[in-house]
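Presented below are the structures under discussion, each in the form of structure tokens.
Two complexes are shown next, each including chain A; its partner changes from chain B in the first to chain C in the second.
After this line comes the complex of A and B, so read on.
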């Protein structure tokens, strides 16, 4: 079932490559396939049962490269299934948004279906080589999206994005090879490596392999100081490209922390947890401060992504610090980290789609060129306000559920992480300032003649925001899914 | 059944408010009555839930981080719950008469606020409390900035939100500390946390409560919040949201007492606010600003009570103050609508124009002054009695605060109830064009509120005080006859002196108050200079570093790599390829050299053969 989920968009993409398919059919097919994917993901959730320790649910395995101990192995657990569902929702939102795409719609639909396949494949893969293949293919697909459909300095930003994250992925590969070489028998299988972590007790070697993995994942997440590829990539990417980049691709980095680094290198993770926590705190504060100084809307949202992913890094770092009676807190921190991944995906994708609507009308992201937009575009103002408040962690939206658990869990384990709460204050200030600048006051500048959002534009955003509100008000279904896996992970790190 | 009603208290206004907000302009016509109707219903349900026939209801459901989302009614909540619900209904009724507020957006936001406020009153765990606390702050922002075309209003809303948000960080830290302290996140189990962690929890709770209640040093946001419409000031910024700050401290008073120092700190913070903000109130020339400073000062008494552990006295003062202040803000709103100004001097004699409004305001102001036998006199004495028992210094500070409240209430009372001056009309319409009329829906709510301002003091006096103490718990003696008499005398004296001074001042000599007092102790400019601007400068520096250094390093790595490849190409061409060429050239030269002996001269060939023979002979000899 997972294989169908992963490869259906790929088949559809291949079908769309046939030149006789016209653009209108391609756009509709894009929406249809992504809707089907959402249904399939929902079906997977319905059929999901918490797997036993050391196994994955709905798993499938087939021979692939037996010579290096690599197989086609897929499966989900409480950490990856929420991300799978979130990914399908984000891609559906993008498909609806792209219904009016005029530039080479057929090719763009094919590209994004390919990207959906690759993203879902990464989240369900249980083999390191498979993971790496999907990881790199996602970078390639996003490169084409930015350079082919972007604006501004698209070619340059796309190249920078590609080279930087690709270099990171090479470091990641180095780490994977290290894990392979150290394991006995040699294997790339994630389940086996988690059950028998290869470098237990070998401080130096474990540290080196962890460093390679952390470098690769830190570039993708992105954490400070490897984040400078993100703002230009977002600035110059098309709306749906930004939404997927922020909503899905960034999660591949943080997912790597919880799926690969923590369970497979518990000793090294515990030893280096303080470094991870420091990187996380710096990302939180740096991201928030630099976002505050931005005058370009997309760059501002890009830096808030650095801030939000910083919370995840703080939480997973804190989960690696063992202390008496801190088990409950560590589990809460990991649950918060995964919830934040889902929440950030939904909210930031919504924000970038809204920024895209703005660009389509005026061609400018500069905040000071707008004013009093609430008068000319009230629906747009409402959606943006809800998304902004969700992003700053207002309760009744998913961000609060995530951030509360992250703070409660991290502060209880490592008190110094309390510094990171300043991040939610700075984020509140920057979003309120942006809202104040763009929407209130007299209608001026580019706000004049700004048409309100059409159904094609507000439907996907409303879909994402409604999901976020649902999680914020009724978090139990999602948390019931994540908590067992988070507890297992916290125990694995403690070995 | 009661459990269902308990849940409905929160879910019903939240649902109706959200629907109104989503419906938007379409629902404008019915929004007012939907709002008032819902709030009225809530008030009835609140009374039923607070004083049930059987045991009090309580519900909870698993939420997150091992904490429950819980609602429950205990003694303190039973006192405050009907108050908040009743005041909400009355304020929403008063808002019907203001045309620009008859929108779905206004009533939707107010209902959402009411849902959050009731949830705060009923919260039994830190997670629930933080949830409703933050939603209150967000609705407050949206309501202060209701007239979004006015940049000043929106900026005021932002200031209010960010200031309270900064204080709310304390609740997040407290949650983490509570989890670490092993006591879980339930509010009643917080005193059981382990020592060090309990101190952190206490600090977090106190900071958050002081911020929300506009106590020092956070008081300036309340001044800015007056930019919002008057019903917003009446509900949020007098009776409900700021009162929740005091309420939180009353509820967690056992935790504060358990730390040994947090209760003293809170008590002194409350006392200091009561005195200093009393002075600020006295210096204000704008009626709403005076009332705002007075709110902060009166809540100082509630915080003082919480610090002293006198929960019953604090709760009674909270309830009485809600009735008094809501009525006064609604009256200020009525005069603003009708006369177009809220400057106190311009409102001279306004109380005499519409008798009902004037009488209700006078009653509320007399109560605020602490004149017996009105509400705030009795409840304030309840707090002062507790202070007298524990700390003479706090008692004196409290008395000073009481005297100051008599002064500023007296100032407002005398100015408003004086005969209308001949040139009154020229001072009107400063801010907007007044309507010169007061609709029934505007003055109707003032009646029950004025009644409350007169009568609610009974809760702090002997026959009922015992019952309230049993209900709410907490310590503290009842006010004795001596104390009651003393405070009555002080209030009456100060009131008389103020009346004389005001009359004399109106005759010509104006008092010039120091800027420190009129400017709310320079708190806002201080926070700008010490917090806001440094952060902005830091943000600019970090952004600059990000572009000029971090990104430059990355870019220079790329250009460096390009230079490296060009260098490698040079090496490739000159050295590697060059050496291959050199070898080829060398061999060509050798070939050239090898042709040299072929001169065609026979004698040279003989010489060459001889040389070779000689060489061979030498080699043979040597090898032998």
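After this line comes the complex of A and C, so read on.
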């Protein structure tokens, strides 16, 4: 089941590499395969039953490199399944958005299907080496997406992205090797490593391994001070590249925290929790403040990603601080963190697709060159406003559910995290200012003659936003999925 | 005795093939010399078949203990012979109807036979002979296809080879003097009682001599010049085949010397030196062959890291052998791409490859990302297991050095990829046609690296 979900896009990508497939067919196939993936992910959710502690649902295991204790092992639980579903939705949205792609559409479809395959593979991996394989391949695929279909200084930004995240991946690999060497018997299996965490009670060694993991994941997330690759990568990437980068790839970092770092090194995690919280708070505030200072729409959204990922980091940090009677709060914090990953994936992907529509029309992201867009492009203005309000955490959208839980859990455990609430205030201010600048007032500058969005453009955005609203209004199904896994994780960290 | 000689059948077939190619070349018209290239390939294939048939888990010591047929020897044979086939394929374009076609082929075979002897030799005298047998064809290969820089490259290779050959012999004599034995089995027992300083000196001298063959620091100076100056056939050969023999020989040597941890540390330091020097020097290169030359110096560093811990960790031996195979194929894929586009030398000339030859570009991307160690290629598995083995052996610093160096290497490998993917500018000079057999070699080697990475499990079981 999961293997089909993961490898179907890969097979489709290979088929699209055949040169005599024409571009039109490739674009349609892209939409068809990603739709099928959404259906498969839905089916996986329907068949999902909360697994017992120390196991995964729908798991499959096959020998791969038994000599070094690595196997092909996949499975899902409440931490990964929401991200799997979110990933398939984001890719479907991108496929619809790319229906008008003119530049090498066949290769682009193949590349993104490959990227979907590795993204899904990463979220279902239950083996560190398998995880790493997908982690690295996602970097390679995104590099080609930016350098091949980007604009501006695409080659330069792509290289910066590659170097930064590859550096992070090697730190991560070192950490994995450390976990492997410390485990007895030696294994790369995530389930076993979580059940019998190595390096318990060995503060120094555990701290070093965790430091390597944190470095690798912090670059990918990205948190302050490793976030500098993100804005150039986003501003020069194609619209769907940005959407996948922000929506899916950034989650790989935060997912690594909850899947690997926390359950496998609980001792070290608790010891380092204050550092993680501080990094999170700085990311929240720094991301928000720098986003406020941007005049370029895409860079602004990119920096809000740093801010939003900061909330996740704060929450997972707070989950590592044991206090009397705070167990429930720690669970809430973890639930909030996972919800935030899903929510941010949907909303930011929508924002980047909208930014892409703007660039297709005018070739500019400069906020001050627009004005009164609501008059010329009402549908565009509506969608953008909904996405922006979702991103700043307005109730009835998924962002609110996520951030509310993050703060409820974190502040109850570590009161000082209340400082991070300021981040919401600044984000609200910057989004409102951007909305005001672009959409209100007299129609001026590049807004003149700005054609409203076509169905090809609004369908994918509406799909993502509708999902976000659905989560905001009816959060129960999603929370029922996440909460047991979050509780298990909080207990694992508390060991 | 007969059975003993049969154990050396792969080497013998290779040597015989070399003789036939050499002699036959004198009787064949220039335009039909391709037949001898085919003969060389047939001899290599026959040798490969003989190896695979004899591949078994049993260790055998033959010819009075001077040669050992074990997993390492067999694995080295397979890697060398498969590499040789790839080299013969990628050489086709360059050698076709060349006045030195048959001679080059025979030198390739002799050199490979020497490397195999180096890998299996377990006697100081055999080691010295193997060193010479694999070095002398090398000098010839570097110079035989005359190009502007090849004379200088050949001279440099020869002089350094002679120097390090003498160091190797002095070391061998010293060890013989201390132990009164030349066979490794007896050597190990005798050296325990010998003075440590003298044993260390002898061991270091032999090791330095072998590092010349491996192209590692401090005996690496000839590698970049030779890869840049020699024909691409010779460059592909000299950066691949001698290294395989030398690294296996190094593991056999340190297994004999007393003081496991001490020698592991020495090799570890040399490994870090090689990877760092190779990577830093490669950063500044613009000629792709010279860049690849320096890249091989750094790759030898990674391989030495695996060689360092063959005694200290169960993972060490299979990690080294797997890494050797992965490295050889990946490196050859990169050289095959260079051979497929003989007119493109500096990085700038590679612009436009992506749009004109997408298949070759894909092979280049796989090869270069493979050399970085991107999963799921074979070098990734090699690097990963090497990191695991070094850490497992208590040399975690070596694993860290390996990771840091990998990041550095990324800069220059990506420069080449970037250059190849760039659209050509109007000012770029027009580049001549490429050649197809080298493209075939490139894509088959690149495909093999990915397959080997995916099939790492079963291969690993064969090696451990």
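Please note the rule applied: the second predicted complex is superposed on the first by the 495 of 495 C-alpha atoms of A that agree within 3 Å, B and C clash if a C-alpha of one lies under 4 Å from a C-alpha of the other, contacts with A are read in each partner's own complex, and residues count from 1 in each chain.
Assume a contact is a pair of C-beta atoms (placed from the backbone, for glycine too) under 8 Å apart; a residue touches a chain by one contact, two chains touch by 3 or more.
Quantities reported herein were computed from a predicted structural model and do not represent experimental measurements.
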Practice item. Check the residue A:2 against both partner chains and state whether it touches chain B (first), chain C (second), both, or neither. Key: neither
Check your understanding: Between chain B (first) and chain C (second), which does A:163 come into contact with in this model arrangement: first, second, both, or neither?
Key -> both
Exercise for review: Considering only the touch criterion stated at the top, classify A:132 as touching first (chain B), second (chain C), both, or neither.
Suggested key: second
**Study point:** First (chain B), second (chain C), both or neither touched by A:282
**Key:** neither
Practice item. Decide which partner touches more residues of chain A, taking chain B and chain C as the two options. Key: B
Practice item. Kindly classify A:436 by the partners it touches after superposition: chain B alone (first), chain C alone (second), both, or neither? Key: first
Exercise for review: Please indicate which partner A:180 is in contact with in the superposed arrangement: first for chain B, second for chain C, both, or neither.
Suggested key: second
Review point. Can you list the residues of chain A that touch chain B in one structure and chain C in the other?
Key: 163
**Study point:** Interfacial residue positions of chain A with respect to chain B in the complex
**Key:** 160, 163-164, 225, 228-229, 286, 289-290, 292-294, 325-326, 328-329, 332, 335-336, 372, 374-375, 378, 389, 393-396, 400-401, 403-405, 407-413, 415, 418, 421-422, 424-426, 428-429, 432-433, 436, 439-442, 475-476, 479
Study note, to complete from the structure: Per the touch rule, the chain A residues reaching chain C in their complex are 63-68, 129, 132-133, 136-137, 140, 147-148, 155, 159, 162-163, 166-167, 170-171, 173-174, 177-178, 180-181, 186
Review point. Inside the complex, what are the residues of chain C that reach chain A?
Key: 315, 318, 369, 372, 374-376, 380-381, 384-385, 387-388, 391-392, 396, 399-400, 403-404, 406-407, 410-411, 414, 418, 421-422, 456-457, 460-461, 464
Study note, to complete from the structure: chain A partner, complex, touching residues on chain B are 24, 61-66, 127, 130-132, 134-135, 138, 141, 145, 148-151, 154-155, 158, 161-162, 165-166, 169, 172-173, 175-177, 179-180, 182, 185, 200, 535-536, 538-540, 542-543, 546, 550-551, 554, 558
